[in-house]
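I've put the structures underneath this note.
Shared between the two complexes below is chain A, which pairs with chain B and chain C, respectively.
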Partner chain A sequence: MNNRLLINYSPGSTPIHKLNGATKVFGFLIITVYIIMTFDVRVMLPMLILCSIGIVSMKPNWKPILLILSFLFVMAGVVGSLMIILIRPTSGYTHTGGETILIQWTNHFFISKELIWYVSAMFFKRICSLSTAILFILAITPSELAAGFNKLGMPYKICTVISLAFRTIPDIARDYIDIKNSLMMRGVELDSRKASLGKRLKQTVFILSPLIMTSFGRIGTIANAMDLRGFSKHKQRTWYSERDPTAADWVARAIILLVAAFCVYYIVYIRIMNPPPFSYWTPWGYWNG
Partner chain B sequence: MKKRSFGQMFLGKWNTMTLVAVAVGAALFGVLMVFGSIPIFTNTYLTSAMIIPVIVGGLFGPIPAFATMLIGNFVADLIGGWGFWFDWSIGNGVLGLFIGALPLYGARIDEGIFTVTHAIIYTACCIVGNAIAFGIVTPVMTSIFYAADLEITFIQAFAGGIANTAVLVIVGIPLLFLFANRFKKRSNLKEED
Partner chain C sequence: MNGKKPVIQFNDFNFHYKIQNKPTLHDINLTIYEGEKVLILGASGSGKSTLANCINGLIPFSFEGNITGSLKVNDQETRDMSIYKLSTMVGTVLQDSDAQFVGLSVGEDIAFAMENDNIPRAEMLPKVLQYSTEVGMEDYLLSLPFNLSGGQKQKVALAGVLGDSMNILIFDEPLASLDPYSGTVTIDLIDQIARNGNRTVVIIEHRLEDALYRPVDRVILMDKGRIVADTTADALLRGDLLREYGIREPLYISALKYAGCDINTIQGLDDPSTLELSDENKKKLRAFFESQADIQPPVLGEETINVDNVTFSYIKGTKAKNVLKDVSFSVKKGERIALIGKNGAGKTTLARLICGIDRPNAGIIYINGENNKALSVREIGEEIGYVMQNPNQMIVKDIIKDEVELALRLKKLPDDEVINRAENTLKTCELYRMRNWPVDAVSYGQKKRVTVASILALEPEVIILDEPTAGQDYRHYMEIINFINKLNAEFGKTIIFITHDMHLAIENTDRAVVLSESELIADESVFSVLSDDDVITRANLKQTSLYILAKKIGISPEKCIEHYILYERMVRVDE
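After this line comes the complex of A and B, so read on.
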């Protein structure tokens, strides 16, 4: 199970790994705003390139990343696009403002140049948001995540919940494997190729009930241990993975602030004050009317 | 049995116990979402993870269930690494609010109270919650974030809602009866004032 997890529990050694937790969280939030705010391929492309460079520089384990990418390609790319093309072929017009029909079968089923552009631009946006997420996941460890959120002003109780959740995952995985093995030993068929969907749904009850019981049974113990150590007594707390920002952190934060300034400019000036007539930019110039 | 006011039941008690419960629930939700789900459509899974907020809701109230769902989604997105789908996370959070509302209509899992009437109200809550979460909240969020057509996101969300309701009812109700029974056996002691 562990080799299928993308997130690291121990910090890596590349320059991005060495950044401060707060820097990483701040950067991720700004990049997410950046990707959400725009539908313009020209604006998204530089961020995608930056994120790809970041991901490559961390020398990740490529196997799970490729798996996720291919999954996204099939789900959001192929199936999602086909759905748009079959159900609303006119959405090419509503979102880009032009219609140059390439193939037409009937009045309702046709493919236009703009429809293809719209579908691929939307897929491009998904790819961008996925790559920012992968960058963030590869860069951060759970305790850094909690410390970083706390540094940005989130109440530390919520941050503790997040880091505690990650701390519990290996325990749950271990319990899950134990329960599964003991069920298989008693002759319950858990192989997905041999049991039908209905049967598997029924079997999940067999696995779930002991799993939930053991996990929730631990709550009292953990809560008591935390109370005894004085949890939530003070207004603030320190974090084990909290470090003083280095020079690299200040450089990264300056760059992120610049991006944030651009985001504010883009949202206020382009999205609110001069909204383009159609949400998606196309190279065929419908934006200028 | 102590009476609690509506507001108290809605918010739940936010002590260390509840915080740990939300954390453990979120972890369970994340793990089940990533490793215990069967994809059936784009963005749609038949996942047993949906049960966790029900249990948290039954024990601690709707707002803890909401928090479990939201943080659990965040955890699932982080360990699964498939990117953050905030539109779906927010929809899931809203759903958690509805399916975690068990104490509000008198079902108290931790005291062994879960009857057929409660099961029927629970089913209705699942359907209404799914309709609001995936019929309104998620499509609107998707159209804001990705400028997708409402119709298409609605179809996706509809499939998701159906799958969730199926899991919540088919797996959820037997589990709730099981847990209620198990807690009943423990609670033959009476609390003195």
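After this line comes the complex of A and C, so read on.
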């Protein structure tokens, strides 16, 4: 089951895996802020390199990662960029401040150097966000996630519910498959070769009622099992999966703090106090107007 | 026992669930002492689980209702305590070992109660190791619930309630989802735990023979919310209470009775391996087992399913592990077959292959002589019906009649034919009277019948039933089994049971197909399977008490089991 959906259920053994849950959650939050705050390729690039090194160092199962990346490439890279080019070719000018037309068909359909830069930078940003997400998902187990969020102040009941959700995903998936099979044997055609998509969607409704029934049954039992073992007895709880911070954690936290400091500087000094006239930096620079 | 300290005291205790019209427990007076091991026995609906839930605090915490009288646990009135307070004294292992697995790994699940108790992680780790060692799961601390067998999950659940302050452990039907061998391991483990550390153990079961695999101090028999007997296992086995209250008698006791032995003269009746047989009784037994039982072998038709050298694995490629390897067997029309093997041996996969949900990597499955590769799942569904273990996973519609008609409507049959066939099926299944009832309003056993009916409406030749009797008490078990046997005897349906339940296999099937570690290791009569030590070990089965009895009187176990089965069938036909 491990890594089948990218989700790690048992902790891995690489240096990043061994970090403490709170460090991982904290790091993820800061990197997310970092990626959100900027459209500047020069700022994003180092983070992408760091994330890529991180991902490679965890020796992941590449198959699902490549699948997600190729999906992103098609959807955001090809389809998304084409949409911008077709619908609003002036975006190049609005975001970078220049317009060097390369090809022009009509007044509304043209390609400029800046437009190409803009869609590429946009795509680059999406790759960065996705890599961060992949890095985080690969690095953390649901239990560490729960423990980490709790350490950062989220109520533990919510955290436990999150980890329980991950606990039950495979069970519900299995129930779903079982129910689907039994319905197929009773003549509900769910075979993609034999029934149209619309029809299959309609037939899928049949699966929902038994799926909900069995899932409710599960919830009832698990709630009792938790009560019987004293869940929500105290205001606080401890976490078995929360490793004690090691030297590596303190180093990682220091680095994350530095990144956080840079974020504060960048947001306050560059984005708020001295905002550039255009959000996208270009190598040929119109920033100074 | 009276010198000991009472830990659980019921005094004129009554309980009435808020959502039910009538009280569930009446006038319970029961005292359980420190260090005692008590079996609470009773059919479904006898109130035995309700009794346990009163002790662990789920009543009234999760299930509201009205309590009168007094229940003290460790000298404190339970209604004055919170479930949390009780949870530090009473540990409960629930019936469904999968659903109660809260953690994402074995270690985490064992630690769950400690986490809630705010115990620092540094103290938690050695405790988790200690508890997991106590149940023999110390090598699996990082394992995920999805990779564990039912028996292993149950061990984890047990380790999770071994806290220091726990002096009462409750096991709610611990055997319900285990194969026979894992069941004995569990009973053994419970026995060990009860011996170490002076814990009081309460086991709730309706499977008397399996529960008595290790001795208990006392048996409490319940019926309709009342305690009808509070005695020793030995005394209970001698009396007639078991039959009266719908509890299945152990096989060896039935055999002794059939043979005409006077069981009141036999010592040590609660354990077949220590029971003392006089020469006279031995003689009677031998005479019984050696007499000829007269029963017609079933008349079999032509071949309906032929599994020819089938190999299957979920992952393709050279290093893939085969889930099934070179499996071959055939099924004739009208046969009743048991498909046996431990969890993960490939039973369900084999059923899925036959139904066409998965397709073999090598080998061919013939259905009525036709290669099933050419047939869609739906087409196979008209020849072979598959009834899942949990009826809730199958029922789609709200009204019984609609559920039975569903498959026919999907086939787009003309209206009058749909109604006709559905009516006939409902009558066959004795559901006609309830045809307009909502599915939610009927019992579990009736729901099961609804699912069989919904399959039967398609008029399949073969019906595959996955654990049809799991979690059923003897009365409901007999109800389901009699119904299935009727389908076989009167309507000539071929029946394939996928089951752990050896009683079911012994009494209701002609042949057993046994799988172990992806391979077919036996395909012969049930009694030969049950007297073959090698097969028993490899398939996680266990020897029946008849085997032990046969060894005791020095006759061949195979013959003994065969005779017993034939005799039992004859008796039942007469009834």
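To be clear about the criterion, the second predicted complex is superposed on the first by the 284 of 289 C-alpha atoms of A that agree within 3 Å, B and C clash if a C-alpha of one lies under 4 Å from a C-alpha of the other, contacts with A are read in each partner's own complex, and residues count from 1 in each chain.
The criterion applied here is as follows: a residue touches a chain if its C-beta (ideal position, glycine included) is under 8 Å from a C-beta of that chain, and two chains touch if they have at least 3 such contacts.
Please read all numbers here as calculations on a predicted model, not as lab measurements.
S.K.: On chain A, do chain B and chain C fit together or clash when superposed?
M.R.: fit
S.K.: If we overlay the two complexes on their shared chain A, which of chain B and chain C does A:261 touch? Say first, second, both or neither.
M.R.: It touches nothing on chain B or chain C.
S.K.: Quick one: classify A:83 as touching chain B (first), chain C (second), both or neither.
M.R.: first
S.K.: In the overlay, answer first, second, both or neither for which of chain B and chain C A:122 touches.
M.R.: A:122 sits against chain B, while chain C stays out of touch.
S.K.: Examine A:251 and indicate which partner it touches, taking first as chain B and second as chain C; both and neither are also allowed.
M.R.: neither
S.K.: If we overlay the two complexes on their shared chain A, which of chain B and chain C does A:45 touch? Say first, second, both or neither.
M.R.: neither
S.K.: Mind working out whether A:71 is in touch with chain B, chain C, both or neither, as first, second, both or neither?
M.R.: First partner only, chain B.
S.K.: Which holds for A:229: it touches chain B only (first), chain C only (second), both, or neither?
M.R.: Touch status of A:229: second partner only.
S.K.: Between chain B (first) and chain C (second), which, if any, makes contact with A:161: first, second, both or neither?
M.R.: The first partner, chain B, only.
S.K.: Identify the partner contact of A:95: answer first if only chain B is touched, second if only chain C is, both if each is, neither if none is.
M.R.: Once the two structures are laid over each other on A, A:95 reaches chain B alone.
S.K.: Using centres of C-alpha atoms, tell me the angle at chain A that chain B and chain C span after the overlay, to the nearest 10°.
M.R.: Roughly 60 degrees separate the directions to chain B and chain C.
S.K.: Minimum Cα separation, chain B versus chain C, post-superposition (Å)?
M.R.: Scanning every C-alpha pair, the shortest chain B to chain C distance is 5 Å.
S.K.: Hey, what residues of chain A end up touching chain B and chain C alike?
M.R.: Correct list for chain A: 1, 164, 166-167, 209, 213, 218, 222-223, 226-227, 231-232.
S.K.: Which residues of chain B touch chain A in their complex?
M.R.: 14-17, 19-24, 26-28, 30-32, 35-36, 38-39, 41-43, 46, 48, 51-52, 55, 59, 67, 71-72, 74-75, 77-84, 145-149, 151-152, 155-156, 167, 170-171, 174-175, 178-179, 182
S.K.: Help me check something: in the complex, which residues belonging to chain A touch chain B?
M.R.: For chain A paired with chain B, touching residues are 1, 4-7, 32, 36, 39, 64-65, 68, 71-72, 75-76, 79-80, 83-84, 87-88, 91, 94-95, 122, 125-126, 129-130, 132-134, 137, 145, 157-158, 160-162, 164-169, 172-173, 176, 197, 200-201, 204-205, 208-209, 211-213, 215-216, 218-220, 222-223, 226-227, 231-232, 279-280.
S.K.: Could you pull out which chain A residues touch chain C in their complex?
M.R.: 1-2, 9-11, 141-143, 163-164, 166-167, 170-171, 175, 178-179, 181-189, 191, 194, 206, 209-210, 213-214, 217-218, 221-234, 236-242, 244
S.K.: Considering only the defined contacts, which chain C positions touch chain A in the complex?
M.R.: 56-58, 61-62, 83-84, 87-88, 91-92, 94, 96, 98-105, 107-108, 111-122, 124-125, 128, 142-147, 160-161, 352, 355, 357, 376-378, 380-381, 384-386, 388, 390, 392-396, 406-407, 410-411, 454-455, 458
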